[in-house]
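The structures considered in this document are given below.
Each of the next two complexes has chain A plus one other chain: chain B in the first, chain C in the second.
Entry: the complex of A and B
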């Protein structure tokens, strides 16, 4: 049953012809039928336990943005300190050559999905035809049905790409509420390496729903450093999905900063399918106002001697709600797996809420696996120390909260970029006590 | 009502576990054997229900137990609600479909073996290892009709002593008749009859169970204990336990469970409710050793239990300790609702799965009152093809300022084909709460094993030693007698897991 939300989007799908081969039409048709059958996940869906889709399901968003190619976008939005070129810019789900900078780089192809669909759609097979059998993956299905553009980045075997590649996804304000889709593909060849920044920004105004889905494949011995900075305005509802698959000896280093958007869901699925592949991840969400952020991390170890090391921090202030789900699955036969996950959260307001769920599913015995999760407050003694050094209580709180978040980005070597993120986080941190002058009861 | 083989004893027998004492028991057995012989023929038609469940069955059970009208209505309401529910599927368990119409909800047991000589030697061997006294072995092995009589006699002996202290300890059926006001006030007040699928089923058809009431200011003079047993073939067991500790009262309650070996799966769906008023203290310990099925996964008990304690009063404390080694499937989450300010909830658990056993067990700690504290220590051991999951919820409500939780879940893997899983849920709505969760999963370290072996300890003994150390934190919480039993139970259950 298509709900109020899906109805206009699916109607648009059946009326639009998409480039690509017959296989693609078949894939889209299948996803469309699944969506029509299952709709959006309901209240009993475990994967959406803390992020109800009821309100969203009753909203209507117009499918796509016909004017995406010509919208004016504030150039300042596209800048990120310490990051220059190359840059690929997408506005409301469509590539904007006029805003992008694409110098020719040896060993790397910076293309777009629309381009590939026109010229050589068969190269996208294996990415776009990936099925989503679980009804909880409704947004991945929706993306498969509708997405017509997005970055396609391929690094040739053995190439080491020096410059930081900057991907910008802009949610530009339109005259109506819009829903747009973006499908990104990153393939790093054998022994190659790439550094990538995925940057989500937007303009305040009409609400939009951005549904962005990235697929990453790291071939044997490849390495990808991926930094995701999500700094969208309050008018943004973002559903993101990152699927990564690592072949033997591949290494994925992911840093994820979630600071913006009114309502945000990020599904992050990593499969360590090659022997000795390794996934390292640092992430943070810092929420205030009525923000809702739900990060769902699933790591599957299916090969031998694989490892993951995950540290995630969360801060929820005012009336916000932060959700973290971190599941590690070690499949039968994945001996030698070493999996560590830590999730610490600061709950700063009596109107805010933190839900955390670290999960271990272990089906092999030569395994070391551990996880930890905490929810708590700033250390009163540390606050006292800083106040005795002359800082106001609010300054002390901001400083300590920033230090708490920093674990997600303090290993970024690009100093300008790191300082930019520092400043961005500081802007989001607690100011409430300054405004009210209220002191909490001593512990 | 239909006919089938029968005797007089209650198949869903609850009997109190008597501390080992020799001769008296034999006389009792002799006495009950006589009574059994006499009652045999007349009872055939009335004591047994055919498989199947409908409103008439619920009414019949209620009438058979001579319950007042309100109790019958309460059961019927639960039954009607149960009809609208669907079995829970969220647990990480593979459960074949359960045909609720194929189960007899009040059946006399199949005639058991007449003497120890007829008992399966495998079972006797197990009791030998457990160090269960001989007369008790007979009882455990299902030698004909011991159950009801035992529970009555033991209950009576103790009851005098307990009555002097003001403690009520009797079966639930008696409590419904003799203390209806208490039962009415507390039954279903912690686990409502509509709580979940299996609790609703239990509310409709529960056959018996224990009722404990500790009045204000009384410290129960002895540890109360109950031994549960499933005897009959094709039956389900649905017992219901209610323990109420008034202001300042305290009690320690022990529960043991066994079942004979049978090829088919049997259903056990129990409900336990605990109520602790101001300053009351309830300690509930369980050693669950229902028949786990054989090494090929054939047979065994399906154990679906709803246990919940309500720390209703300020400074009250409820502590659950469980050692789960039996059952083909365990679905059990002893919980604490920390309503009273400064109340404390604890959960200590060892769950072992071997061969094809599956366990999905854990706890819920719901912090509602101020300065409430909870501690969770869960140890899971998986061997063979066993699947062991910890599933827990720690919830801090808005008003629960100063709430504190510490959770530790450790899993030990023994073998290549087993699984150990951890599914904790942490939900915090109060900014002054501190919640900590940590979990680890690993196999027995080769270094530890090597060290033990180099000291001349056989591999199997070394594993026992390490497992014992792994579980020490939980065993410490058990009353002495149970701790010894639990340790041996683990050794027996892990047999064949190594090498």
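Entry: the complex of A and C
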């Protein structure tokens, strides 16, 4: 049953020709049928319990952007302090060579999905041919049906890529609301290492729905440092999915900063499938106005002596709503796992809401696990201390709030980048200086 | 400079200050002593503007203004400074950043120009030298992991930097070793000025050998029960607070 939302998108899919082999047509056909059958997850879907899709399901978005290749984009939007080249830019889901910088780097291929679908689609099969059997994965299915472009990055075994690679996803204004899809693939070869920034930005005011799906594979002993900066305009809708699988001794270091978008959902699924693989993550969402952010983390330990260390912070002010679901599953046989998750949240207003659900499932032996979640308010003693030194109530609140968020990014070694994020977060915190000592009313 | 009249303060339904009066003129140093729980910190907190303290009677005037009308940050900009008995640790907020933000916030409020980072650092270095504080503390988060003595010295360092007109030191001497005590006293004495006043809350006569007060008051049962010059501190040291109660009884008889 296709809703008002799905109807035009699926119609577009049935009429478009598919590049790539027969297998791809089959994969897309399957995802299409699944969507037609199940539609968007409804009110009884556990995974979407706190993020109702009712309102979205009634909206209509144009499928993709025919003018994506020629839209003017403010160059300033693409910049990120401390990050230079290489840079891959996608506008409303399409690659823009004219805005990108692709120096040739030994040991790494910086390509695009559209290019690879033309030239060598079979290399993508392992990534694109996924069942997505769960009806909750509607956006992954939709992405499979419609995504035609995205970054494809492959690092050769043993290569250490020095420069930070910058991926920029831009939502650009159009005369209608668009639904754009982006499929990104990152494969880091045996013993290789890569540092990557996934950066979401956009022009103020647009209300597109972006659906960005990244798949990451780290081969044995590989390392990826991934920084995700979600700095979209506060009118945008954004659904993101990050799937990572780690082979033995692989290491994924993730920092995730969630500051923008009106409505956003991020599914982060990490599988520790190789012995001694390790996942470390620091994340934060900071919300205000009527922002809605739902972060759903699923970590699966399926091999021996694997570890994860997760620290996530959430801030909600005004009438915003934040959701953090942190699930860790230690599968049978994944003995010796070490799983640590801490989620602390700050509620800055009576009308804001935060839901946190830590879930821990252990089916193995000799597992060390610690799981904790709290929701609290700013410390009155600290507020008074700062005010007694001259800071206004608003300044004191933003300073303490920023300090609370900093665990997500204070370990970034690139100082210019770290300071940029600090300034970005401060800018996004709504509690600004106000001589009357009153906080600004919600917008 | 400061005139407190018949102040009654209630916390959580409990009357803590019960008719406290005190006048402090510019240039003076007043010491306040008194038993645990007498309300000394309460007085400091009320002066600095902490929430949760209900003033049910009386008044506080500071430089002719009704102090109770002002927000804590307005009091700070007007020159009121409280060195906390228990300074708060604030993880994630850099000490230097905080101090510059505080100083500039005060200056903005007073209509003065803000200090840029060069001017600010120059001022920091001057003041650090007086207190023999390690530079390294400035790069840490506010009070985080500071030893008890370091926290107290950091309070005095902040005072030196912010140059208030009325400084209230709440047991700044508690927990200090003898060298640190001298440094703190040096820091205070270096700031003594005809235009500046101090209220020094302490349990120990020793501090008052270094910071010589013009007046010593005893705060007990929520009010000032005895005032005198510095010799009063010596008598208290010798006889304890019960001596005052007995003397009162004798006087009444």
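Just so it is clear, the second predicted complex is superposed on the first by the 429 of 443 C-alpha atoms of A that agree within 3 Å, B and C clash if a C-alpha of one lies under 4 Å from a C-alpha of the other, contacts with A are read in each partner's own complex, and residues count from 1 in each chain.
The definition used in the following text is that a contact is a pair of C-beta atoms (placed from the backbone, for glycine too) under 8 Å apart; a residue touches a chain by one contact, two chains touch by 3 or more.
Just so we're clear, the structure is a prediction, and the values are computed from it rather than from any experiment.
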Partner, of chain C and chain B, that touches more residues belonging to chain A: B
Partner chain(s) touched by A:367 [first = chain B, second = chain C, both, neither]: first
First, second, both or neither for A:135, with chain B first and chain C second: neither
Touched partner set for A:376, first chain B, second chain C, both or neither: first
Which of chain B and chain C A:280 touches, first, second, both or neither: neither
Which superposed partner A:99 touches (first chain B, second chain C, both, neither): neither
Touched partner set for A:348, first chain B, second chain C, both or neither: first
Interface residues of chain A shared between complexes with chain B and chain C: none
Residue ranges of chain B in contact with chain A within the complex: 90, 92, 396, 398, 411, 413-443
List of chain C residues in touch with chain A within their complex: 48-51, 71-73, 75-77, 81-82, 84, 87-88, 90-93, 98-99, 101-103, 105-106, 109, 141-142, 158, 162
Parts of chain A lying in touch with chain B, wherever the complex brings them together: 46, 332, 345, 347-350, 352-377, 440, 443
Contact set on chain A toward chain C in their complex: 379-382, 384-393, 395, 399-400, 402-404, 406-407, 410, 437
